[in-house]
Every structure is written in C-alpha cells, then in structure tokens.
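Structures are listed in the sections that come next.
In what follows, subunit A forms one complex with subunit B and a second complex with subunit C.
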Partner chain A sequence: MPLRRLLPHYLMIAPFMILFAVFFLYPILSGLYYSFHAWNGVTKPEYLGFANYQKIVLSRDFATAMRNLLTYVAITVPLGVLVALGLALLVDSFVGRWANFFRNAYFMPVVLPAFLAATIWRWIYAPNFGLLNMIIGWFGAQSINFLNDTGTMLYALIAVDVWVSAGFNMIIILAGLKEIPAELYEAARLDGANKRQQIVHITIPMLGPVLFFVVTYGLISAMQVFDKPWLLTGSSFTSYGGRRNALLFPVMDMMGRAFGGVRFGEAAAYGFLLTLAIVLLTAAMFGLRRLKGWA
Partner chain B sequence: MSTLSKFRFGLAGLAALAAIGTAGRAAAEDVTLQYWVYSDFGEGDALRLQQEFIKEFTAKHPGVTIDIVAKGDDDLTAGQVAGAASGNLPDVFMNAQSVGAQLVEVRALDNIYSKWMAMPESFRAQFDQDALKGCMPKPDELYCLPYTGFGSLLFRNLTVLEKAGVDTSKPPATWDEWFAQMKKVKDAGMYAIPDETLVFNSIAEIYATSGSTESWGFDWANKKTKIDPAIMAKVLKKFVDMKPLSSGTSRNDQATKDLFISNQLAFHTVGPWVNPTYEEAAKASGLKYDFTLIPGDEPGKTGGIRSYEMVGVAPGPHADLAFEFAAYLTEKAQMARWAKLLSRYNANAAAMADPEVAALPLIKVSVDAAHGAMDVAAPYFGGSVPSCYNSEVIDMASATADGQHTPEEGAKELVSQLNDCLAQ
Partner chain C sequence: MTAQFSRISVWTVLKWALALVVTAIALFPIWWMINVVFSLPGEPVSINPRLWPTSIPAGVEKIRLIFTETDYLHAYCISLLYALLTIAGVLLIGSLAAFEFALFEFPGRGLLFGVVMLSLMVPTAVTIIPTYLLTSQLGWLNTMRGLVVPGLASAFGLFMLVQFMRAVPKDMIEAARLDGASHVQIYWHVALPLCRNALVTLAILTFMQTWGNYMWPLIVGTKPAIYTVGQVVGLFNSPLSHQTVDMVMTANLLAAIPPLLFFLIFQRKIVEGIAMSGTKG
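== the complex of A and B ==
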C-alpha cells in the first residue's frame, strides 16, 4: 500500500505511540540498562554485569519475599475469585432495590482508600480488645496478635485482600452472569437440574472467559502486592515487612532498596525479575486459555 | 530629520531597548522557591504560621515567591531522592536527620558550611549544640540547619492510675517505681502500657532507661553497632516483664490513643505530637492526664529518645536565597512564635530559653526530656542505615518478650545480627 495512503493511519496512532514510547518504552529500556549497573540515581552508572541480579537472588530477603508471595498468591487468588463468584450469584438472585443495595455494599471496600481500610483492619485485629479478639474471647480462647504473630500475619493480610478485591471481581462476574441466556437455565430446569447442577454445568462454563480475566488480573495484581502489607505493618523505608519479615513482598523489598538504600540499579534488577515472573505466569494463563478453548 | 536629531532618536531608541531589556532581566530574576514540609506543617495553625513566615520573607525579597508543599514521611524522602535523580529538587526542604546520609549520597543537600560561617555569631549561637552537631559529619561540612524536634515523654492517664491506687501527685522517679505502678494497673484490670517491642523508637525509648547515646547507634568506621549487649540484656528483661501488662498495640496505633482516651491504658511513651489529641479529649470527655519524663534506672536519669527534623537546602542556582530563607525560618524570633503557637519543642535553644516559651508546660518538660534523652540513630550523616537493622532490633525484642530467647541470649544474638547487617 502506498505510504501516502497509510500516512493518515500512522498519524492517527502517533499520539498513542509517542506517549507509549515516552512513558513506557523509555523507562523500561532505561530500567533494563540500569539493572546492570551500580547507580544511586545521581552518579555515573558503573557497569556490573549480572551482579545486581545475583545479589538479589542470593539475598535472604528475596527468598523470604518470594516464599511469602507464593503462599499469598496461591491462597488469595482462588479464594478471592470464589468469594466474588459467591457474592455475584447472591446479588444476581436479587432484583431491584435489594440488588442495587448489595452490589453497592460489596463494592464499597474497593473505593475505600487503602490507608483507611488498613486503619479499620488494624482495629479489628487489635489484640485483647479488637473486634475479632472480642469474638474469640466469647468462646474462651486466648487473644491472638494477628499482625505480630508470624503464624497469622499472612492470613490476616489475605482476609483484608479478599475483602477489598471481592467487590471488584463481583462486578465483573455479575456482568458475565447477565450475559448468560436465560433459556439455558430454563432448559436445565425442565430437564430436572437442581441449582447446584445449574451452577456447575451452565454458569461456570459460560463464565469461562470472564473467570479467565478475573483470575489473570488477580494473579498480576497479587504479584505486585504492596500497599496493604505496607500499611498493615506500619512500614517505612527504614523498616518494612513486619515481624520476622512475615509480610515482606517483592515490591516492598524493591522500594526499600531504591529509596531506603538508594540502590536504584539493584531495584531496577528486582523490577525486571518480578516482571519476568509476571510475564511467564500470564503467558501460562494464556496457554491454558487456548488449551481450554476460551479464546 | 537632521543628523543630530537622527542621533538623538537613535539614542532614545537604544535607551528604550535597554529599559525593555532591564525590565526583561528583572522579570527573569523573579524566583519561585519550592519548600517541602512534613504533612503536619501543611495544615491548620501550623500552615497558617508557615504562610506568615513566607509572607514576611517574600515582603523583604521582592520578586521571590515560595510555594509550600506538604508531604508524608516516606513521600518526602522518595520525592527528594527522585528529585535529585531528575534534577528537579525542592529548594528548601525538611526531613529527619536520620535520612541525611541518603540525601547527601544523592547530592540532594548542599554543604552550607561557608554560608553558615558567613552568618553573624549571634545567629549561630542560637542553636542547640547537640542538634547542630547532628548536621555536621565533619568540621567543615554542614548539611542542614536543625529545625523542629522532640524528646519523648511519658503521658499518664491519671484516672486509670487513681483507680489502681497509685499516688499521682509525684511521677515515678525510677524504673522500679514505674514498673511497680504498671503492675498495680494490671492488677486493677487495666492495661499499663502499649507493647513497646513493636516499634523501633519505643524499643529505643526503653533502652534509654538503662543506656545512653554512647551505647546505642552506629560505629560507621568499623560498620558495627554500638549497642552494649549487657545493657541490651537488661532492657530485654524489661520487655519480658512488661509483656503481660501491655495492651498488645504499638505506641503508634490509633487503638493505643483510643485506649488511653477511654481510660483503659495508664501510660503512653511517645512524642509531644499526641498532646493535641489528648488535650481535645480532656475538653470533650474529661480525660485526666499529664506528661512527665520517662524514668531511668537511677533517680535523675531519664529514658526516651530525641530526634530533630532538619531543614536542608538543595544545591543549585537558588541555593543562596534558599539558605537565606532556611536561616529566616530557623531564627529565634520565628522559632519562638512556632513554639508559642503549637507548644512544640525545637532546636533553637535561644527560642526555648525565651521566658514566655519556657513557661509553657509542654515545652518545659520537652526541653528537659530532650536534654536527658538518647539520640535515636546517631551519628547522623555517617551512612545509610540498612532496613535490616531496625527489623532485627524489633524482631529480637518481640521474640525475647515472647519467651523465644533469654534476655542474655537475645542480646548477644542481636548484636551479632546487627553487625552482620551493617557489614552487608
């Protein structure tokens, strides 16, 4: 096709391409460059080869952060989707004012600022007199220090995360539910299918593409978890991750190296390791989608 | 037009052009300084007074505008580090002395020693000498002017103490007296104190009841901790003893303040910034409280920590003007007004000695507290404190209080871990 005919098309996509190049491509490429250098943000970068990557992978904090992340992702994503699916089915069973009420109520945590959510949950988890410990106390059990006991800290975070993310996922799943033709349920009912059979054999298969999006998005978000554990543990650049680093995650470690230790080269390398993990996981998800025929 | 007239016309034209040029230059000399402060300086009375300082300064400096920007602790550091990397630093800014080393490393702070020495002796003599030393890693290097600060205090809930049968007329003079009062409070079914092992600063506050700046902080030359294992063992024992008496919340938790206000918590060791909240509660719900020094092991010794916020100047074309503004802010007259308005301690010793300021109860106790307290992370500007340092201190204090180590084992292991951390 002659260039003159293509030119308007290129011109139309040019604004996006320029912005993409300036705000995405350039930072990514310069980050990749700095990841091979010792750089504090100001002085001349000093080439180190793979030393930054090696230092990170061999560090104790990296191992802890990755272990925490794996456990967190393995629990929070499926649990979050299950809760969201349950809520969506519940809200879908209501009509009119009640449907609106429940939809808004469950969505509220999504719009709540993270620091406010963390403050509320710090109160709920407070030892001795916090809401949860009061309930536990009614059953005669000992008070639990949810945010300082290394055995409970991760699960306390997962509960907060599910509480926050369920509303967002619920809205997506709810939209998917509305797209399922009513005739399918009608036919199933005529064939004698009960509610559970309708969910297993109609709802979930029909929601396949929606659930794929929710799970993939959930995985990518979970891999980058930062604000909730940071706030729940009262972290700062000089001290983060909570007791025994039980709530240390890769992005927190990366931020600490960048702004606490002023080691931007190392932080860039950390970012690339994390990006690589996210890309691989997302590719695996897309491979699974092709395999299942959801594409 | 005659030749002379043409010449005159030409001269007039040149003069007009020169005038326009001068006006252009004058306009180009208009300067806007960026002034970054902590978020609590950017609201309410504090902001109004800061704006007044700015107005007074700019009135004496035509063409100068100063934009004040308030930021949270981490945002302030991240913004200054990122600003240094991008060449877009604020001209004048606050931060804690404890992050000074990072800011010097990224060249966010100008060495203001020559400007400082050019100031009159009457100005230089106003500052608290310990606070000033904190800004001077070497004799000819000065990276900040000490600004505001605090010495930690012991807030006492008098209602709780009276219910527990404690004589509130005189505050505890020693650790033993204080601990005995804590036990009485617990026996009366209330909480004595927050869990002091959860936050680095509260651990330091209790350490100071036995130790001092000389046995705390860093030996940057040898990359070793200055913590004395024998003192730390004694302090860890105190955490073990306090554990069953504590509320389980940290000194910074909102829940801790709520417990204090609702007469369920007897003591709160913290900086004077909680006083407005407690003062408000006293008016609204009749909270009965006071503040005193944190008692140390012997009579006359006090615990607690002190820390100063600094005001720094970025290197660059506006560094002279920025220093002038920083000097104006930290000068006695402004610091005395600041102290009177907010009842808050600062690093201008001359302002603190002003009779009207010194008569304010919170200032009076704060001055004594700061003099007896331990520097929280000294020496400053020597090196960046790795994050593992604070984490190891918190982890070991919590673990020992939970019974996972004996205080002696915990102290020994902690010192070894801290040395490993600093050596990284």
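== the complex of A and C ==
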C-alpha cells in the first residue's frame, strides 16, 4: 500500500501512541535508569549499581511492609472473593425488582471513592464519637481504639477493604453466573441434585475462569494497597504507617522514600521490586490455572 | 407436602433476613455520614446516636459554612475540571485510535496494539514515581496539565472501545467511502454514533476513577490552589487538622454526591461496564 493511503491511519492513532510512549513507555525506562542511581531530583544522578535494591531489601521498613502485606493479602483476597461469591449467589436467588435492589445496595460502597470509604470508616472506628464503639458500649464493653491498637489495625483495614471491594467482585461474578446455561441446572435437577449440590458441582466449576480473574485482579490490586491504609492512619509523607508501622505497606514505604526522603532512585527501585513480586505471583496464578486445567 | 412447604419457607425467611442484614451493612456507613451532617453539632452521642437525621437546618448551615469558610468549593471545581478534561481527552484520543485498530489493516497494527494491551498488566506502582519525575521535569507540577495529560492514553479505554468498534459493519464504512466521505468523516459520522453506548460507559467509568483518584493529585498538586476534593478530605482528616467531625463529614458527604448521583442515574451502564471488564478481560 502506498504511504499516502496509510498516512491517515497513522495520523489517527498518533495522539494515543505518542502520549502512551511519553507517559508510559518512557517512564518505565527512565525509572529503570533511576533505580540504579542516587538521585534527589535536583543534582546529577550518581551511579550506584544495585545499591538501591540492596538497601531496600535490607531495610527494616521493607521487612515490616512485606510482613504486613503478606498477612493482609492472605486474608483480604480469599475473604473478599468468598463474600463476593456469597453476595452474588444471594442476589441471583432473587428475581426482578428485588434482585436489582439488593445488587445496587451491595454495589453502593464501590461507587464511593476509596479515599471516602477510608475517611468514613476512620470515624466509624473513632474511640469517642465512633459508631462501632457506641455499639460496643451498648453491650457494656470497653471502648477499643481500632486504628491505634496494633492488634486490631490490620483487621480494621481488612474490614474496610471487604466492605468496598465485595460489591465490585460480586458484579463480575453475577455476570459469570448469567452465562451458565440453564440446561445444566435442568439436567442436574432431573438427576435429583439439590441446591447445594448444584452450587458445588455446577456453579463453582463453571465460574472457574471468572473466579480466576477476580482472585488474580484482587491479588494485583491488594499488593499495591495505598489509599485506605494511608488515610485510615492519617498519614503524611513525613509520618506514615500508623502506630508501630502496623499499617505500613510497600507502596506507602515507596512514596515515603520518594517524597519524604527525597530519594527518587531508591523509590524507583522499590517500584521494580514490588512489580517483580507481582509478576511472580501472577505467573504462579497462571501456572496454577494451567496445571488445574481451568479455562 | 407440609414438610416440603415449611422447609422452603424457612429457607426463604433466612434468605430475606440475610439479604436485609447485608443491605444494612453496605448502606449504614453512608446513611450514618448523612445523619452526622444533618444533626446539631456538638450533641453527645449518648443523647443523639445519629441513627437518623435530626436537624435539616443544621446540615444546611454546615454546607454553607464549608463553602464559605474553607477552600472546599475551589477544590470541588478543580476536581470537576480534572474529571471533565480527562473524560474528554480519554474519549477523543481513545476513540480515534480504537477506530483504526478495530477496523483497518496497516503495518505495525498488531504490534502496537499488543504493546498497549501488555501495559494493562504493568502495575501502577512501577510507573508512578518516574511519571511524577517526568511531569516535574516538564514543569507541570501544580498545574491542570500535570493532573490530566499523563492519564489520557488509557489502555483500558482503548481495549473497551476496540471491542465495540469491531461490531461496526464493514459494509457501512465501504458505503460511506463510496459516497465520498473522508476517513475522518467516516470516524465522526459512522463509527462514533454506533459506539455511543460504549462511549457513555467509558465516560462514566473514567469519571468515577478520576473523581476517586487520590494518589496522583496528592503528589502532583502540592499547593492549595490545585488541591482536589480527595486531598482536602484527606487534610481535614489528618491528625493535625483543626476541623470538627461535623465539618469532616460534610466534606465527605459532598464528595460522595457526584459519584452516588452518577450511579443512581447510570447504574445499568456502570454495572455492565464493570461486568464486561471482568468477563471479557
């Protein structure tokens, strides 16, 4: 094809591709470069080799953040998906107007920005004014400082997280439920299968690909959790992570090193380390999928 | 027969009870936020537990105060502008590219589209710091440009629009071409109107995302003149803030109104858009 015929095509994709190259491809490459340098954003970058990576891995904050992240991910992802699956099955068991009503009600928290969910819950958890402590008070129990007690902080975050994300996953699972052919249930009913058996032997296996997506996507976003713990702990770039760093997570640690410590090279290296962890985990998920023969 | 009947009704009662309890858990925090705003400030929780709104005038007064005594209104306008400009840019730039990727053959098409789709797998954690550094080098910190432009090449948006553009019949494009329509005219008069649904869905999802974006404005906008609603809400909540719970909750409520309103109007589109990203992704 002559260039004159092709030119319009390239002109039409040019705005997207140029912005994509400048604000996505270039940052990744420059980030890789910075990750091997000491840089405060002003003076000339100074080559360090792998020193940034080494410094991060050996730092105490990194160990704390990773430990918190591991507990958080291990609880919040399975719990969130289970709750979402339960909600989807519950909504699916209603028909018509009520199915719509419950679906919308459960989805409502997703509509709120994450920063808002975190700030509302910060007050629900508050020691004096908070709703939760008021309810605890009715039962005569001692008030709990949920967001300042290292024993409860992580679980307080997980509760907010499930509250926000369950509705999102529910919608995706509901869409998956709709794609399961009705004949399958019909056949199972004729064979005398009860509701529970139908769910275990038809619904869950048929939802395989959807559940895989929900879990994988949930893992990837949970590993980058930022807004919620940041706001629940009232963090700023100079002081973050909450009491005894009980709500310190990798992205928070990275942002702190960049904007609190003005060590951009180190922060860039942190991003790559975290991405490596995410890529490995995602690869493991896909490997597991192939092994088990889902989808 | 009776046993069968009673078993079904027990199950039905339990199901309804569960559904209603979950509804309460999902909605109560939002309801509570409204009640805190619409109650007299300073009333102790033991007297007024904020289970329902008790004083409408007090709420109105709080809203008036927050708009007149703080910079909240300014932040609100910044957030709206940020969202609107992002929507306009994402739709225009994305649909131009999607039109080509979905409907035409040209050298490099598969490779370019593949690279963009691959970027969907790259976590934000790795790009945010270098993108900030680039924005800073361009001198775009504390500007609307800095907020909007880096987010315009949305790979998710392109993916979604390409899915819809593929459904545009090739015959219609050929017919338009025979009628003498130019490439751009075909895009504008044939392809775009046929994708109106997808564009509306993408606009809504982009609005939700931009209005709720906390991290990017936090690092790009360091001066109060460019603060977004998210940042102001965050500052009101910070331990050093002098704001009372009444002011904080009023700020929260006002920040919640646009997305809630959008959801009530466009609930079907939002739900479909999210379901699509999951099942076709």
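Throughout what follows, the second predicted complex is superposed on the first by the 272 of 295 C-alpha atoms of A that agree within 3 Å, B and C clash if a C-alpha of one lies under 4 Å from a C-alpha of the other, contacts with A are read in each partner's own complex, and residues count from 1 in each chain.
FYI, contacts are C-beta pairs under 8 Å (C-beta built on N, C-alpha and C of every residue); 3 or more make two chains touch, one makes a residue touch a chain.
Note that the coordinates shown come from a computational prediction; the quantities given were computed from them, not determined experimentally.
Novice: Determine, for the superposed arrangement built on subunit A, whether subunit B and subunit C clash or fit.
Specialist: When both complexes are placed onto subunit A, subunit B and subunit C end up clashing with one another.
Novice: Looking at subunit A, does subunit C or subunit B touch more of its residues?
Specialist: So, of the two partners, C touches more residues of subunit A.
Novice: Touching A:Ile172 in the superposition: subunit B (first), subunit C (second), both, neither?
Specialist: The second partner, subunit C, only.
Novice: After lining up the shared chain so the two structures overlap, which partner does A:Pro113 touch, if you call subunit B first and subunit C second: first, second, both or neither?
Specialist: After superposition on chain A, A:Pro113 lies in contact with subunit C alone.
Novice: With both complexes superposed on chain A, which partner does A:Leu19 reach: first (subunit B), second (subunit C), both or neither?
Specialist: In the superposed model, A:Leu19 contacts subunit C only, not subunit B.
Novice: Who does A:Gly208 touch here: subunit B (first), subunit C (second), both, or neither?
Specialist: Once the two structures are laid over each other on A, A:Gly208 reaches no partner at all.
Novice: In the overlaid three-chain picture, which partner chain does A:Pro45 touch, first (subunit B) or second (subunit C), both, or neither?
Specialist: In the superposition, A:Pro45 contacts neither subunit B nor subunit C.
Novice: Using the superposition on chain A described above, determine whether A:Gly260 touches subunit B (first), subunit C (second), both, or neither.
Specialist: The answer is first: A:Gly260 touches subunit B but not subunit C.
Novice: Have a look at where A:Ser236 lands relative to subunit B and subunit C in the superposition and call it first, second, both or neither.
Specialist: Both: A:Ser236 reaches subunit B and subunit C.
Novice: Just one of 133-141, 151-159, 187-195 or 205-213 in subunit C hits subunit B in the overlay; which is it?
Specialist: With chain A aligned, subunit C clashes with subunit B through residues 133-141.
Novice: Return the residues of subunit A at which the contacts from subunit B and from subunit C coincide.
Specialist: 41, 119, 122-123, 126, 128-129, 234, 236, 258-259, 264
Novice: Contact residues on subunit A for subunit B in the complex?
Specialist: Those residues of subunit A that touch subunit B are 40-42, 61, 119, 122-123, 126-130, 143, 145, 148, 234, 236-241, 243-245, 256, 258-262, 264.
Novice: Show which residues of subunit A lie in contact with subunit C when the two form their complex.
Specialist: Touching subunit C from subunit A are residues 1, 6, 8-10, 12-13, 15-17, 19-20, 22-24, 26-28, 30-31, 34, 41, 87, 90-91, 93-94, 102-109, 111-117, 119-124, 126, 128-129, 131, 134, 163, 167-168, 171-172, 174-176, 179, 210, 213-214, 217, 220, 223-224, 226-227, 230-231, 234, 236, 250-251, 254-255, 258-259, 264, 267-268, 271-272, 274-275, 278, 282.
Novice: If we count contacts the way the header does, which residues on subunit B are in touch with subunit A in the complex?
Specialist: Against subunit A, subunit B makes touches at 73-74, 77-78, 81-82, 84-85, 98-99, 102, 105-107, 191, 195, 198-200, 247-250, 252-255, 259, 264, 384-388, 390-391, 394-395, 398-399.
Novice: Across the complex, what residues on subunit C touch subunit A?
Specialist: 15, 18-19, 22-23, 25-27, 29-30, 32-33, 36, 45, 49-50, 92-94, 96-97, 99-101, 104, 106-107, 112, 116, 119, 121-134, 136, 149-153, 155, 158, 183-184, 187, 208, 211-215, 219, 230, 233-234, 236-239, 245, 248-249, 252, 255-256, 259-260, 262-263, 267, 270-271, 274-279, 281
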